[in-house]
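Attaching a single structure in structure tokens format; questions to follow.
Think of it as A, B and C in the order they're written, each chain with its own count starting at 1.
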Amino acid sequence: MSTTLLEEVPPPRLTPVEGVKEGLQRRWARPGGRAYAVLRWSGATVFAVIVLGLVVSLLASASQAFGHSGLSFLWSGTYNATKDVYPTGIYIIGTLVTTAVAIIVAVPIGVGTAAFLSELAPTWLAAPLSVLIDLIAAVPSIVVGLWGLLVLSPAFAHHVEPFLKKIPVLEWFFHGLAYGPSMLLAGTVLAVMILPTIVALSRTALSSVATEDREAARALGATRWQVVRTAVIPSARTGIEAAVILAMGRALGETIAVALVIGNNNALPHSLLAPGATLGSAIINNFGEANPGLDKSSIIGLVVVLLAITALVNVGGQLLLRRRLRGQGAVT
Amino acid sequence: MSRRPLRRVSTVMVSLAAVALVAAACSSTPTAKKKADKTAASSTTTSTAPAPTTTAAPAPSTTAPAAAHTATTTPAKPTSTACSTSGGPLSATCDTQSPSFKLAGAGANSIQPFFTRVFYYYNQADKGVSVNYSPAGSSVGVTDIEQNTVNFGDSEIPIKTPASGTGGNILQVPVDLGGVALSYNLPGVGGGLKLDGPTLAGIYLGKITTWNNAAIAALNPGTNLPSTTIVPVRRADSSGPGYDLDQYLIDTGGSQWTGSVAGSAASTKWPITNIGIGEQLNTGVAGFIQQTAGAIGYVEYAYSLQAGFTNAALKNAAGSFVKPSQSAIAAAGAQASTLSASNFNIVNGPGAATYPLANFSWTLIYQKQSNTTQGIVAGKLFDWVTTTGQQQAAALGYSPLPANVVSLAHRTLLTLENSAGKALFTS
Amino acid sequence: MSATVYPTDPNTRSDTIGARRTLVRESARRSLARRRLVGRIAVGSCVVAVAISLAPLIALVAYTTSRGIRAISWGFVTHIPTPPGIPGGGISSAIVGSVIIVGLAAVIAVPVGTMCALFLVERRGRLAGALRFGADVLTGVPSIALGIFAYAVLIGPGSLIGHFSGIAGSFALAVLMLPIIIRASEAAMRSVPRDLWEAGLALGVRRSRVVRSVVLRGALPGLVTGNLLAVARAVGETAPLLFTVLGASLLVTNPLQPMGALSLTIYSNANQPFPAAQQIAWGTAFVLLVLVLVLSIVARLVSARLNRQAR
């Protein structure tokens, strides 16, 4: 395909209609082609339709529950099986806590691993390691949950949790009877599940930083680690952000794996070692056997609440990042 | 936009699919099966027409793997009575070899092993009938049958009668009898620990916290009980076993249970959820019990039998402590002399050898079958399931249906009718 | 103070310029040593982080492999399932079903997702911001809700297909994959340096051509990574398929019919107590991992070759 070149040729004489047609063609031809614009717009439209359709259908199904209990649906703290009342407030707290644990554990480890794989590791090690880490993304959530229950939970109950209880400073976080299934275990299992996303996408972001930036830092006398810290990671910030947002979404919406390891206790957890419940675990536990009508609508209501929480967390995260980025002078 | 990378990826996927298909074709009978599937295509009915898929194509013969059949009998070879026009007697087999029928069902997770087995054996004898069952949950099965997107549903607790959906009246047929075991993990203490309603209620309310509590010791004099903390495990998802135990505690647990949030109506959702640990499905409960000393939880008896758990002996209505077993559960089923979909509770039934926690599983099917032949096939299938198929139940740890329940199932299936209202079967 | 070009003897302390030079050199040397030490500590802690992160991951894969590999045999991969207790069964219908369902899902999601990502990259403004926000929120939707949505749109009363089918499952999985593909592709495309874009446009090349030759080529590794992540996630999902696909034990290749899937097989077998069923569940999980591994390696090789060709 040859590129169009500006030619020093006087434009031909055209009738008005031909002139309009010629103008339109030129307009469509230059910005990138009609077909290309149509493709872009159709992709965006299809996606927008799907998202809107999903949100509308969820809201429609949940409307019965919201209409019945009003806004108190959002913060109710009591569970009543016979009256189909769910402690949404407890679920929200559980969701936020487990996701926080997962993010706090997974992001530093994930970005560090990505930095290692892209900058500091030899090629013969980096490729197989990244393939291995991607493989974890493929493990079905029920398998991860079962592994968490059968392997991690006894390890936690017998070794990790007693150890954590002994640390004097963290007394407030870790106390009480610990049987294994707990918020901490759920957060850890979530961290394992979201790690591949963070590592894979951060690695892409880090390795696509231009060599000029690295070389410039090196020329200024930076050590290898300083190159990574000052030149590479800041430039890769957008990619790492995308990775963290995707990972957080996964952690917020995870159902089966969390339900197997969190203990499903509808009480306000008093420590990280206590069993709790999240919106995801509540949804998967109750939907399969929900009574038709108000009960089912309440479960969908929980889904809507989860969507709202995801939106709020995303907005909060973006605001935080924008504030920090403004200080650095970077453009989103 | 460059399509080449996409084409490469899709080529890879297509080649993987081709490899898998070739491998599959090598194993199954190399008939013109794939072509048959495509041409036979789905006479996919739209959502307005009631009955879902019926492929009227040459039967895709399935591979019968080198099956070492266990000591159970397969049904007799079908006679030459045609199925298409009249069903004749319900229990007579009919010839369905030439057309092929695919039935779809969805419902409770717990009955899946039984269904998989009986449908397999039925298919062995009558290659024309294949059934797919999805263990998505009782509620999903109920919704699906009400919306007529499946041929039958299954629920651990019957839906309220009269039951109806878009296709009219829904019949509820008992197909399976199972029980609930209270399994525990207490090193040093053998099986058969005696428990009754008040002690169980105390455990699940968090009032009895150690195994050597006075109430438990009183029921088990002579057993050396350790001071381990009790960790009560419940089903986090709603379940039939939970319903049974809730009903038992309502009947025998006293006012401490009925006066609490549990109330006086049993529900599949466990009422007290801030005590102990909740786990998903039988697997979760079993896995937790196995690894936690001091844990006690309820699982389906068939499950605990396979997993080799130690089970508690529960006090029944006659006052004796009975361990769960297939015969004790069968005894409970035999007490259901007036069983029906509206009177389905057999928890805490009379009889000295009766195990108090038992329940039937109910299949939901439309009374009016818009596709006559399919209705005949479905009726005969479930009649076989409730009669000859019960031999499979015993092999899996369930108990065979008692005679009166078999005749209830038979009577219910006899009311199947075609779209014109004419009964499908004669007797 | 002028910088001298020729070296001086550091031992001549009487020379003030020399003394200052020595001081500068000494402090530079100390600073370098300090920075090197910090660097080594940081690298060391990165290695430790990698080791910590890989430990549970490797343990998970090792556990699945050790429990699953006992079930593997040629018959396991080529026969259709039999009930628990009856030997000779396999998961061939599930493998074929998963390949078809996830393949169709990818065919739907990859083009739509990539086009939408191009849209987000090219345009700024409210609409793009809203779409990006929509993608972020969609990642948090539990997969069971997507299954319910697909059921309502495609299977329930008054819907497009009206009965359980493979394609309904593909639709649910495509909706699951879309936000991952969009976000990852957008990040990958944005990482292509701006000057390459501008150079192409400055040459008078049409925008679509610039995107095709420069951006997609440059972002190819990132695109492959993002799409692979999405496909890997989709292959392992159970809840959306439970509501849309129903499962089948016979070999079904028509996507308009109910089909089997690997994740469904794992789900239904893991919940049964029979050792045979447990073995099938873990064996299926192992087969799933192997399939994704093969796909991952092939995709990376292909992308590497394409990149080489581009040069």
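The rule is short, and it goes like this: contacts are C-beta pairs under 8 Å (C-beta built on N, C-alpha and C of every residue); 3 or more make two chains touch, one makes a residue touch a chain.
The structure displayed is predicted, hence computed values, not measured ones.
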Most distant chain from chain A by Cα centroid: B
Chain pair with the greatest number of C-beta contact pairs: A-C
Cα-centroid distance, chain A relative to chain C, in whole angstrom: 13
Gap in Å, rounded to a whole number, between the CA centres of chain C and chain B: 37
Per-residue multi-chain contacts in chain B, two or more chains: 1, 109, 136, 140, 283
Of all residues in chain C, the ones touching two or more other chains: 111, 114-115, 118, 208, 211, 267, 270
Touching two or more other chains - residue numbers and ranges from chain A: 36, 39, 146, 256, 284, 287
Residues on chain B engaged by chain A in the complex (per definition of touch): 1, 109, 136-140, 142-143, 146, 229, 231, 236-239, 261-263, 265, 267-271, 273-280, 283-284, 287-288, 291-292
For the chain A and chain B complex, residues of the former touching the latter: 36, 39, 79-82, 145-146, 149-150, 153-154, 157, 177, 179-181, 256, 259-260, 263-267, 275, 281, 284-292, 296
Complex contact set, residues of chain A against chain C: 1, 3-6, 29-33, 35-36, 39-44, 46-48, 50-51, 53-54, 57-58, 61, 108-110, 112-113, 115-117, 120, 127, 129, 131-144, 146-147, 151-152, 188, 192, 195-197, 199-201, 203-205, 207-210, 221-226, 228-229, 236, 238-239, 242-243, 245-246, 248-250, 252-256, 280, 283-284, 287, 300, 303, 306-307, 309-311, 314
Footprint of chain B on chain C - complex, ascending: 75, 77-80, 82-90, 92-93, 95-96, 99-100, 102-103, 106-107, 110-111, 114-115, 118, 155-159, 161-165, 208, 211-213, 216-217, 220, 223-224, 227, 242-243, 246-254, 256-258, 264, 267-268, 270-275, 277, 291, 294-295, 298-299, 302-303, 306
Touch list for chain C against partner chain A, complex: 32, 35-36, 38-40, 42-43, 45-47, 49-50, 52-54, 56-61, 63-64, 111-120, 122, 127, 131, 133-146, 148-149, 152-153, 175, 178-180, 182-184, 186-188, 190-193, 203-211, 218-219, 221-222, 225-226, 228-229, 232-233, 235-239, 263, 266-267, 270, 285, 288-289, 292-293, 296-297, 300
